[in-house]
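In this document, chain identifiers A, B, C, D, E, F, G, H, I and J correspond to the written order of the chains, with residue numbering beginning at 1 in each.
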């Protein structure tokens, strides 16, 4: 069994049982960010053993799938680059359009280094708006300086 | 003269005059987001004529460059994909790792559609933290529903 | 089961039952555009639950396929870019040849922004012509302005 | 002198003289579609000699540029595929999402063949709409049947 | 069943029955070009129902394969570009070496337009030659003019 | 001076002197195929010294350009693959659609080997046709057998 | 059954029977180059029927595999380019580093043309050397001149 | 000055002075392989200072070009992969067709390791043949074993 | 059975038996580097027969898998380039950022040549550090000089 | 002036003045790693203002080049991927061959996370060896854990 099969199985069980990610998140690990839990079930993060056990029970997963959910995955969720799906492409487009701007402004504020994509967290919420609700994302990543030795 | 030459000229003048993006933003259009103003000067957004005039004066730009800054650019700031620069790459990596997760959660919350990358705004700020300061980004894009006709 | 398998199953059942897209459209949702219904059955749009039920009955699809037809798909119908099929390639060619022209004329008329591919509709019809009938396409997408915040 | 230099020169002269595509179209060949005239000036179509003469006079182009405008260009307006510019990308996205749908429906209606991208015309206009104006495109291409010999 | 499986099945049956393309052509549709019939059996063209029936009988194909042979295929016979097979690559090489020459000479003779790859026919025959026999190809495609509207 | 500059210069001189390829062919080497002569002037074949001298005189080329026209070029006339120009693309499409068919039929007729793209000649002519004139191409390449040693 | 499956089967049988290529070569066709025989068993060349029969007997191959070994394969042994395997990559590197040198020297010696990769043979042997044994390759390909017609 | 400019200058001077690679080799370093000397002048190997001095004198190169010829170059002589030039492509094709065969036979003879492309030499000569002269290449590279530590 | 299936089987058995690479290394060949043993089990190096026997016993592998572990693999462990997994990408990034620096410094110290990736060894260990433990890698590769013959 | 021009100028001045990287390192900042200083002069890291002043004096660089050396560069030293230069390619090959091994062993030792390529240092030295001197590289990067929030 490989991780991609676990992801496919998770999606199939979620579908047939009529579960939402919100319900799964509540059952598996309400104290952790739903982004982390969903990403793990999609093969991009790992679950703690007790979380994997709950997920396996909720979704009727076999033992090997449960163990695989606790393993560190080979990350990369997209099957092609650039992503063909419009929702995901828009994020890709933001990187293409604003990439150099982010670099200039982050480097000016923090000096030489990067925003970590590892020591990183984010939230996503609905922002009500008369002209149409908005998707609000907050991201925060530790700044890491280029070190000299 | 093409837009890429304007960008190169802007960077050269900024360098030789010892200006920061913060100073340029303050002089050109303090009421607008520094991300928009910086992006425009890097060839990704457009300036209003009075802003372009101020930018041209501050940076000693020729008339054609000033007009070009008011034109709608052919967007795309990266010369290669994936971006080789580590700071920009980390954002690209976030899309690759979390792309499918964002899709699942946004679609579950909002239904079928996307977060606009056009009706979109963002802020970037320093988030002090004992374990190392963090880059904090807030993004907000209008949700657009797939319509049926 | 994954969406690609549903698409393959739909095509196989349509073939063996001798159905046309027109007949399927009439049975599944005559009030909606045939483009939307066909696209959904090809894995690019979603059906409403009652439409999916009708499609499943008409095409003898299993329950999971029926549910999958109501899910928001990971869009992207082409297995390779540029598309090797001549009919589809011609549309791709139009984008390559006229892309910058469309940008110039739309931006001149509407200002900075894009034509939405989400709040979008289109029709396709036969246009009789003595020199050979023509394919007539009408597309209409909401104009979205780049916003400043 | 090569065609790309003509295009760059056209854009520069248009900018410095403050002309719009609409004004250029009116002066160069009002009876022809503005899409054809604009595409020619962007290096994708050819002008008739008298049109090129008018364009050269209006835009102060040298003789070789004027002749080049009457030559059949090596077509292809995009410097990279997929196009990074959001406005142009949306058209590209439509091909990716609806490509197989168009193929199915056109083939069902017309039989085996393609819509010509050569014997092809299109119009673009503003469609007023309370919820936001729309870009309306009408395309019509001759249907070409695969022939057997 | 998908078209690629039909192609694989055709090749397997042809192999086990010891048939040549020539024999298949004679049995399926001697009045049509062998290129068209072979291309159809390789998944690139369509057969008429009576031809498909003969092919199915000759090659012991199941009913769905027979129907699939009458469907308009998603064209594109090469699994990778550029083609790795030397025989096919040589044709690809001709396009790379002579592409611009063909464009110049066809455009000079016919004006702006293309040679159709749809209203197109070709023959292939052996040309005896003392220094070594030659492959002789004759191609003829309708010239299509760029139209102005 | 490099070959690409010679090609650009040839095209520029041809344009300014109002010469056609036909006229150039007649003056440079009427006994050779116009395809070879045109290809040489476009940087894909070589001219004999006396032909190059005539071409240089006709087109006012400097001495180094004249010598370069007699050199064996680094072949490859297309700046991008697949070719974006519709006329050239159609030939590319023929390779993609008929590539495997040509392989099957040539191999069946001649055995294991290829059609040479080196010991190769072709002609192009106008084929009058009531339904629209056609481009007629005749190609003939020596068959080369895979040898065993 | 497809050729790739034959190759996989050959490798599996060779492994389980503990055979070397040398032994297979001796049993199948000692008079032919081991490179040709090995290449055929790896799906890149064809065997004569009597050779295929011997190979099938030695390796316990089914009838269809035996016939497939006599067919002209779709050549191309590498699953990705550039090849990731270091041994094969070194040959690829030689082409990249010495490609233009080979062209200059072969063209200077022979005139305009190529070394055939079809009428081609090679040998590989061990060259004892005190500083470490060497791989010695001898290649010989017929020179083919560009012909003018 | 960069190495590519030296290569272009070498080719231009060689052309204008009517020198062959053979003559250059004889004057620069007759005791070294002509492949090495030619490769160095094409920017792929380095010359010894005295050789560079002779080359500079023979070809009237400026001092910086002479020094650059003694520098270790950034290797890679091809501007695109796969190479479009037919002569060079044939070598590339040999790697694609015989790559896995070479791997099997070298590994069987020598064990796990590679043929060095660094401790490597080769010769190229004309092999007279009644059926057409042949290009004969001899290559010899040190075998390097994968070591375990 | 192919090598990729062995790798998948090894990972599955390791998972279900709860083994670590450290434990496997100790059981299979403690005297060899854990990097070599792990790489072999991941399909990138070969094991000695006695090591493969121990691995097969420990992991309950079938006989063909055991033999495959002793075969020289077709190397290349990444399914896509650039690698999407962040841990592996960082190494790729180091090559992109420091590649030219390594070349300059190694060439300055050793002359023209390369560091072997074949006669190569490395160790990986944890380096305790108050500010956060570090990954310490030591690599050593034989320097190979470009030879002249 | 852009950074690539500074790099080219640095290399030209170093060449004409006969300086080594070692000498430059000693004059510019002996207390910093030669890898950092060389990388900065090659456009991949930044220098401190006093270091840039020394470099500018030593290499006769203009003022803008001096300032550019203190700016944070857009990183990425390779003009093509995979790198064609054999020395740099070997490092790339190590990532391809050992990438998954490094991931397994680092993750097993440290848990989920990566080795930083930002908080990273390395040394390169000559390791004398009777069988041929070796290139010894020591790398150390801070381990960064995936955090959960």
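Keep in mind that, in the parts below, a contact is a pair of C-beta atoms (placed from the backbone, for glycine too) under 8 Å apart; a residue touches a chain by one contact, two chains touch by 3 or more.
By chain, with names taken from UniProt: A, B, C, D, E, F, G, H, I, J = Cyanate hydratase.
What you see is a predicted model; the values in this text were computed from it and never measured.
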**Message:** If you apply the touch rule, which chains end up adjacent to both subunit F (Cyanate hydratase) and subunit J (Cyanate hydratase)?
**Reply:** G, H
**Message:** Measuring between Cα centroids, what's the chain most distant from subunit D (Cyanate hydratase)?
**Reply:** I
**Complete:** When B-C and A-C are ranked by contacting C-beta pairs, first comes B-C
**Turning angle required so that subunit C (Cyanate hydratase) lies on subunit E (Cyanate hydratase), C-alpha fit (0 to 180°, nearest 5)** = 70
**Prompt:** If you average the Cα atoms of subunit A (Cyanate hydratase) and of subunit F (Cyanate hydratase) to get two centres, how far apart are those centres in Å?
**Reply:** 53
**Prompt:** At what distance in angstrom does the C-alpha mean of subunit H (Cyanate hydratase) lie from that of subunit G (Cyanate hydratase)?
**Reply:** 24
**Item:** Chain centre separation (subunit A (Cyanate hydratase), subunit D (Cyanate hydratase); CA means) in Å
**Value:** 41
**Asked** Touching two or more other chains, which residues of subunit E (Cyanate hydratase) qualify?
**Response** 74-76, 78, 82-86, 93, 96-97, 100, 103, 107, 113-114, 116-118, 120, 144
**Asked** Which pairs of chains touch each other?
**Response** A-B, A-C, A-D, A-I, A-J, B-C, B-D, B-I, B-J, C-D, C-E, C-F, D-E, D-F, E-F, E-G, E-H, F-G, F-H, G-H, G-I, G-J, H-I, H-J, I-J
**Message:** Under the definition above, what is the set of subunit B (Cyanate hydratase) residues touching subunit D (Cyanate hydratase) in their complex?
**Reply:** 1-2, 63-64, 67-68, 71, 74-76, 78, 117-118
**Asked** In their complex, what parts of subunit H (Cyanate hydratase) are in touch with subunit F (Cyanate hydratase)?
**Response** 8, 11-12, 15-16, 80, 83-86
**Asked** Hey, which residues of subunit C (Cyanate hydratase) end up touching subunit B (Cyanate hydratase) in the complex?
**Response** 32-33, 36, 45-46, 72, 74, 100, 103, 107, 111-114, 116, 118-121, 144-149
**Item:** Complex interface listing, subunit A (Cyanate hydratase) residues touching subunit B (Cyanate hydratase)
**Value:** 20-22, 34-35, 38-39, 42, 44, 75-78, 81-83, 85-88, 90-110, 113-117, 120, 122, 124, 126-127, 129, 131-144
**Item:** Contact footprint of subunit E (Cyanate hydratase) on subunit H (Cyanate hydratase) as seen in their complex
**Value:** 82, 84, 86, 89, 93, 96-97
